[in-house]
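Presented sequentially are two complexes of chain A, the first with chain B as partner and the second with chain C.
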Partner chain A sequence: TAGNKIFHFGACRVSMSMTEIRSGFTAIKANIQSRDPIRSLSILSHPHSLHKVKTSDRCCITHHLFDFYVDKVFKHCKTEDSFVNRKISSIANSFLSVRRRLGQCHEQNNCVCGEESTEKFNQILANYEGLNVTSAAMKSLGELDILLDWME
Partner chain B sequence: SGELYCSLPNPRNVRFESLNMKNVLHWSAPEGTGDGVLYKVKYSVYGVGKWIRKPECRNINRTWCDLSSETSDYEEQYYASVKAFLNGMCSDWMETTRFNPLTDTKIDPPMVSISSTDKSISIILTAPEKWKRSPEEESISLLQVYPGLQYNVSVLNKKTKKRWFFSISNNTLVVPWLEPGTAYCVSAKIHVTTPLLDSGFSKEQCIATLKDK
Partner chain C sequence: EDALLPAPQNISIHSTNMKHFLTWSPVIVQGETVRYSVEFQGEYEREYANESWLPISECSLTTATGCNITEDISASVAYKLRVRAEVGATRSQWGTLKGFFNRVTTSLTPPLLKVTADGYHLLVELEDMGPAFQFRVLYWKKGQERRVQQKVMKEVRSVVHLDTMEAGADYCVKAQTHVEAINRSSSFSQTQCVRAQGDTSMWL
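And now, the complex of A and B:
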């Protein structure tokens, strides 16, 4: 469909409705980020930037991150604003199908996890677990553009 | 630092205005304050705790501050903040929303150069460059920043008023099978699908195809 983008991670090919996800996030970005008062901590980009991940580790990190967003982020991001909630669930649905595809790649051994990507992802989990669940989930959602920028 | 009592109204509408990643902090003066208000500015990298003062924007009376150099790494995101001073009083620090240079910048239209034969027009498009600190610094085209960058080109036959639109990824377009001795006007814009960014259209340029030999 229009706005779908094919991502190549070695032998793993994943189609993703990037335009739809981006526009959904842009619509709620200011709202979500305003709920995150903590400037000194980033879940995804500090201390290690996603942009330093080796090409060979990209698939594994992406697979971990989609699991992370589906299992630990979206479900903890309920707001009092139905518009925002609808956008969040639309993004979550898009993530679900990509996660499924990445899972298949992993099973087919096309999405191997090296030491560095495991370490990087553990750092992300440590950042996440350093906050209470709701704050951590809201901060992670507010950083979705960091993930999308890196993927692209 | 001599800040006595922070009851001065706050600077308003503190935000980044960015064009081709020239990132300038802008704000409006506090309500009801006339001349004489001075400001200072600080910024921070999101995820890093430190606020950093901008010396060149300390005790300034203008309502903007160029933070392009400090925010040039577009893999990072930023906050900036402004405080106002007047007659020994001060305001609170007023912050921007989180600024992502990659998605929050605006883009200039492309440069367009055109030439013609008797039956065709050739159009060469050049994407604008990312802001850079000095002319000596290496230029980075926004094409390198946004790999999915496309050009939308409009070609108008001035005689028949017929208009064509083309969407191309490379930077050259040849429009064939045109009428000799006819004026055509060309305008182009940049479109990035994701993140979604659109420039305005370039100024229309007209050229005539050569008369029949």
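And now, the complex of A and C:
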């Protein structure tokens, strides 16, 4: 349907309401990106795009990224705009339930981390920590469609 | 907060087909207009955002005793909800929904459908229930209940062609909804049967 998508990462199978997440993000994308003054820098795509990640590493990098957004990003994105905050909450709660399923795959050894995904994720963390936390969080949230596009 | 203004009571959720409504009993204050404000808290807010609450602006300072919370309940996690009463600058304590609400518990009703025969063509029309809904339609020739055919529709189009019928034979149809986001289905609708008869359909 226009609703759910089943993602297959090897033996790991994750169902995700992609449309709900995308519509929540689309509703606030312009607002969030307008809060990101440093347009030349990217958190997710510097120096290499996510598309360079090997298929075998996709599950692990996805798991890492959902952890990243849940643990580090969303909590630093509170705004003065109630509508924006509600949409961020909607995305964050959706990410939480998907992350749980990815975590189960990880525990069942169906989401193995290779060297490349670990290296790529460390680069993302370095990009994130190179900025002050609010700017880094807002930039990461503004790049959510990069993650969603890559996943799809 | 002011102890004089009681918190709203009988707070409950009515959730059907992925539409979720919060309701509560009115707070009565003689000669005053009582208004209400609603807030929600998802699992993310409880675990990662200092148990913060978010206001639902459409239900801030409302005189209604109900609120459509569908837009904000957009993940399959446990939500908490609360309401308070306000008269001027006086505010009651929060009245909180007992327990949690997770949309996986929504009640799913069978879909409304209309079966017609256009000449020899078996057609079905289904109600549009929103993007979260898929439909599973079963159809068979009467007397051949073992040879049931199925069509799964991920998006609702107005009329769907199911089959080409043999003249004089009766064909029966029933349907159920499926919501992938919560991985649940409704029960089946009533069965409807029609017979092809030249170019006019005949209800049975």
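By our rule, the second predicted complex is superposed on the first by the 150 of 152 C-alpha atoms of A that agree within 3 Å, B and C clash if a C-alpha of one lies under 4 Å from a C-alpha of the other, contacts with A are read in each partner's own complex, and residues count from 1 in each chain.
Here is the rule we go by: contacts are C-beta pairs under 8 Å (C-beta built on N, C-alpha and C of every residue); 3 or more make two chains touch, one makes a residue touch a chain.
Worth saying up front: this structure is predicted, and the values here are computed from it rather than measured.
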Combined model on chain A: chain C and chain B, fit or clash: fit
Contacts of A:F74 with chain B and chain C, given as first, second, both or neither: second
Partner chain(s) touched by A:I124 [first = chain B, second = chain C, both, neither]: neither
Partner chain in contact with A:L148 - chain B first, chain C second, else both or neither: first
Which superposed partner A:M138 touches (first chain B, second chain C, both, neither): neither
First (chain B), second (chain C), both or neither touched by A:Q33: first
First (chain B), second (chain C), both or neither touched by A:V53: neither
Chain B versus chain C as contact partner of A:S94, first or second or both or neither: second
First, second, both or neither for A:T19, with chain B first and chain C second: both
Which of chain B and chain C A:V84 touches, first, second, both or neither: neither
Following superposition on chain A: angle at chain A, chain B versus chain C, Cα, nearest 10°: 80
Least Cα gap, in Å, left between chain B and chain C after the two complexes are fitted on chain A: 5
Overlap of chain C and chain B interfaces on chain A (superposed complexes): 3, 19
Contacting residues of chain A [partner chain B, same complex]: 3, 5, 18-19, 22-23, 26, 30, 33-34, 39-42, 45-46, 49, 51, 142, 145-146, 148-150, 152
Complex contact set, residues of chain A against chain C: 1-4, 15, 17, 19-20, 24, 70-71, 74-75, 78, 82-83, 85-86, 89-90, 92-97
Interface residues, chain B side, partner chain A - complex: 44, 46-50, 75-77, 79, 97-98, 100, 102-103, 147-148, 193-196
Chain C - residues contacting chain A, complex: 40, 42-45, 47-49, 54-57, 71-72, 74-77, 79, 131-134, 154-155, 179-181, 183
